[in-house]
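As written, the chain order gives the labels A, B, C and D, with residue 1 at the start of each chain.
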Amino acid sequence: MTHTLPGLLDTDAIRKDFPVLSRTLHDGKPLVYLDNAATSQKPKQVLDALNRYYEMHNANVHRGVHVLAEEATALYEGARDKVAEFINAPSRDEVVFTKNSSEALNLVANMLTWADEPFRVGPGSDVVITEMEHHSNIVPWQLLCQRTGAKLKWFGLTDDGRLDLSNIEQVITEETKVVSVVHTSNILGTVNPLDAIVRRAHDVGALVVVDASQAAPHVPLDVQALEADFVAFTGHKMLAPTGIGVLWGRLGLLEELPPFLGGGEMIETVTMSASTYAPAPHKFEAGTPPIAQAVGLGAAIDYLNAIGMDKVAAHEHALTAYAIDALKSVEGLEIIGPDTALDRGAAISFKFGDLHPHDVGQVLDEQGIAVRVGHHCARPVCLRYGVPATTRASFYLYSTPGEVDALVAGLEHVRGFFG
Amino acid sequence: MGANAGMKLDSMYQEIILDHYRNPHHKGLRDPFDTEVHHVNPTCGDEVTLRVKLDGTGADAKVVDVSYEGHGCSISQASASVMTDLVIGRTVVDALKVQEEFLHLMQSKGQAEPDEDVLEDAVAFAGVSKFPARVKCALLGWMAWRDATTQVMEGQK
Amino acid sequence: MTHTLPGLLDTDAIRKDFPVLSRTLHDGKPLVYLDNAATSQKPKQVLDALNRYYEMHNANVHRGVHVLAEEATALYEGARDKVAEFINAPSRDEVVFTKNSSEALNLVANMLTWADEPFRVGPGSDVVITEMEHHSNIVPWQLLCQRTGAKLKWFGLTDDGRLDLSNIEQVITEETKVVSVVHTSNILGTVNPLDAIVRRAHDVGALVVVDASQAAPHVPLDVQALEADFVAFTGHKMLAPTGIGVLWGRLGLLEELPPFLGGGEMIETVTMSASTYAPAPHKFEAGTPPIAQAVGLGAAIDYLNAIGMDKVAAHEHALTAYAIDALKSVEGLEIIGPDTALDRGAAISFKFGDLHPHDVGQVLDEQGIAVRVGHHCARPVCLRYGVPATTRASFYLYSTPGEVDALVAGLEHVRGFFG
Amino acid sequence: MGANAGMKLDSMYQEIILDHYRNPHHKGLRDPFDTEVHHVNPTCGDEVTLRVKLDGTGADAKVVDVSYEGHGCSISQASASVMTDLVIGRTVVDALKVQEEFLHLMQSKGQAEPDEDVLEDAVAFAGVSKFPARVKCALLGWMAWRDATTQVMEGQK
């Protein structure tokens, strides 16, 4: 077993930035945090940015002429610039701050609920998703369809955990108004071939929404190269605070589509009988935004940029390959999802003999190993593969081969415990 | 049981629990039955389908059979097994008392002194009450039984 | 001029808890922060709670069996308990976390957009608000009315800045489905007579929504005593982080009304074709919630409770009375809103001669005094009183009579500057 | 941070600005006019109603009159006044060049060296460009003029 895989980051140095990673549990066992697909830990650089914001600059943003208000506004809008650059957005005005990915996806579904032609969704129009979506990319579209009379269709999955695009011409048709698809599955780890989907969707005039919640933290994300119309992601999975998410959308669409939440900041002028709306992105940011959280996201992006997203991706790729090999060697373990590191993210779900994931997770926890168990907000995937739940280990830039080894040893212990 | 397991884990995975998990009692769906319910634990995907057969009505009603099928963790499976032992053969009134005692125990965060005379094997679940994420597992079968029984009793009115 | 008004808190001690309050601006001028109606500053106790959360316990909440997930869940749900107790909610399940007040108000408007009888809003039904609402309690209802065909009605204002309820029977009628009204105006400072409105609304079977954004931070708030059906407020105005708000709603209503955002956490069970929803409050909390921010709100509530909300209210009342007197003595200054401290919060808007508020605010800023200028997201109030904008000073538990004096001196300087 | 910490307020409120504020030029709405526009600054409530009267078409078009009414802060009022001095009597082509120069200055965050030959009194606004919240005030009248002029020119095609 070698721990000097090619492409690994200097995790000794990186881990020092993350206070929680030196925590011990259960009588001194070091924390082995393998629940990164659920949420990431935060480096002290991000916490410092939050503290600095609150201790020095805190004020409500926009419309203030005093120093704190100007500073807070500059910091908040500066975070927007950082996000725009991070995802290579053509314009900073295309970056809308939300509270999480779920709000970002609901925002799109709600805009379309009230959209006029040519975007109107109603009886006779289709909405297309996939069977591997997170609930946050399923339920908003179910609600949209229930409320407008549109029909929900979806791509199924192959036995090896990939999208089944064999019937793409039948699934995405002239009736399709919007296709919403996950970039990287949080349960299977699959990275989807978005090109083919975007091309087909745009051929029939459908909008494309990409759920990049598991991509933005892990790989370079270029919204121009993606060619989608909307891209959603969430701060807490990419070193940033909870309470902040992003919707990127094409400016023309953000201008043309109706607003979502109404209130302060999103208006141009208000009378009792009618209002007009501010231009994007403010049109979609009603009320006091998550100011400190956006600043924290900016700091997280600085941290990721300093390392380099290509390097982060290489690290995780090497670690995932190592982990897949190691897990395959565990007797009775069956990976649910692609069982090679090709076109694959760093979340690995598995079945472990007849043991229920709850029991696996509980006994791993006793050894300090934090994995997630359950349906991972992707219950249709569990139904598809005939499992009630899975155990999922997921890695990030601070994860190490040693932690993979600890997981493998932990699983052997689990087997012994229930054996 | 593994040699290195900490105190806390042993307090959840009592030998009695693991025994019921490995060899569940009264498992499998049986006829005849008065009603069947399906309960789900949304936070983990555990599911149980459960049937009850009562005899008599009102205060005289007796639990003649409880049968179930489902998938879930050792805690939810063992708890359903223990539950069937405790309620089958009892009057509904008595069985509901046991259910309430068990509910009380599970909500106690490890603080309650379980009454072994009432709960018998179910006292083994005292340790589970210290694990908030697992309390719902332990309650799944019991809640399904209670729901099914209530439905039958209501239907009799 | 006395600085020992009866009822004042020990602000020397309190101010030490707020790092930003010792900041100096513009070559050493101490910050005089009088923009509390826009957002409050944060005590170190709240920042400590945030740091502790991120450095020790950070994990995604619910459905985790590992220690961090259990701790994060306990902290997050513990914050819900604190909020419930703080507002005397009959049940913790009535407390829904949102990102701010605006989302909370939009949540209610959206539930009603899709509600079935007896809550259905449509042609022939009325929605009632007031002319002193914040844009966040106007625009959601305008959208609701546009989208359902309902009619928007509102209470006007008296010359002295109060609600004109003289025509309450004509405004709230059998057609009225919902009445949404601000507890305390952020621009006028007016505290509204909610009793009369709630009584009339309930008589005709209408729901009552109270925008308590400017009340929860400043006075004891008892949702049972209010007898409203929904109450919204926002963390950042009450010492808590940005990115967290609260909607309190009656449990029966939360159960019966449809969901708003769809996604993870808010479901019971999901299949591709249909989903069922979790019970309240989770039904309304799609996606990863603002976990750290809720924990921070809990710490803010602990801080406020340690002082006592009745004491906070008494402090601000004394200070407001002092400030009104002091400001009235400034030549050319005209208060927009009630000009006594009776039934009044600690936000004071005014006109200063012919000077535009922007200019007033800018020159005050040069002296370290932070006030807000503009329409304060309540443009209809400005229209009503024939001013383009106002200058607003607003106080909180750390504000002092000395700061009021500084404001008065600052205004004299402004006069000289433009004289 | 502290973009304007220690900065002299005087750099914003130049005497020239205060003079134009106290005695605005060309204020009041006048006839005849080709078009009238109404612009609002949503972040502060400043409003301006502005009329333009052109003479000639295309490259020959000349700005014959600009009149306006509105309410706003000293910066927005003074800026509108200075603007009318600079554009009235010029060809549209030349006036648009001045407008662009002014826009460039205002977006410079205090970094640009204003060209006094082109901007005349408007150089006094250089200091305003250091105050992000006030830049929109300084631009309000200019943007309204540009919009109105563009409308007239489009209408002539």
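As a working rule, a residue touches a chain if its C-beta (ideal position, glycine included) is under 8 Å from a C-beta of that chain, and two chains touch if they have at least 3 such contacts.
If you're wondering where the values come from, they're calculated on a predicted model, not measured in any experiment.
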Shared interface partners, meaning chains that touch chain A and chain C: B, D
Pair exhibiting more inter-chain C-beta contacts, C-D or B-C: C-D
Between chain D and chain C, distance of the C-alpha-averaged centres to the nearest whole Å: 38
Chain B-chain D separation of Cα centroids, rounded to whole Å: 78
Interchain centroid distance [CA atoms averaged], chain A/chain D, Å: 45
Chain B, residues touching no fewer than two other chains: 43-44, 131, 134
Contacts with two or more other chains, residues of chain A listed in rising order: 26, 56-57, 63-65, 67, 69, 267, 269, 358, 362, 373-374, 379
Chain pairs that touch, as defined at the top of this document: A-B, A-C, A-D, B-C, C-D
Partner chain A, residues of chain C touching it in the complex: 19-20, 23, 25-26, 31, 33, 35, 38-39, 41-42, 47, 50-51, 54-60, 63-69, 99-103, 105-106, 109, 114, 131, 134-140, 142-143, 147, 152, 154, 234, 236, 241-245, 259, 261-267, 269-275, 286-293, 358, 361-362, 364-365, 369-374, 377, 379-380, 383
In the complex, chain C residues that touch chain B: 62-65, 69-70, 73-74, 267-269, 278
Residues of chain B defined as touching chain C within the complex: 40, 42-44, 131-134
Residues of chain A that touch chain B when the two form their complex: 26-27, 356-359, 362-363, 366, 373-375, 379, 382, 388-389, 413, 416-418
Residues of chain D that touch chain C when the two form their complex: 2, 4-7, 9, 12-13, 18, 43-47, 71-77, 131, 134, 137
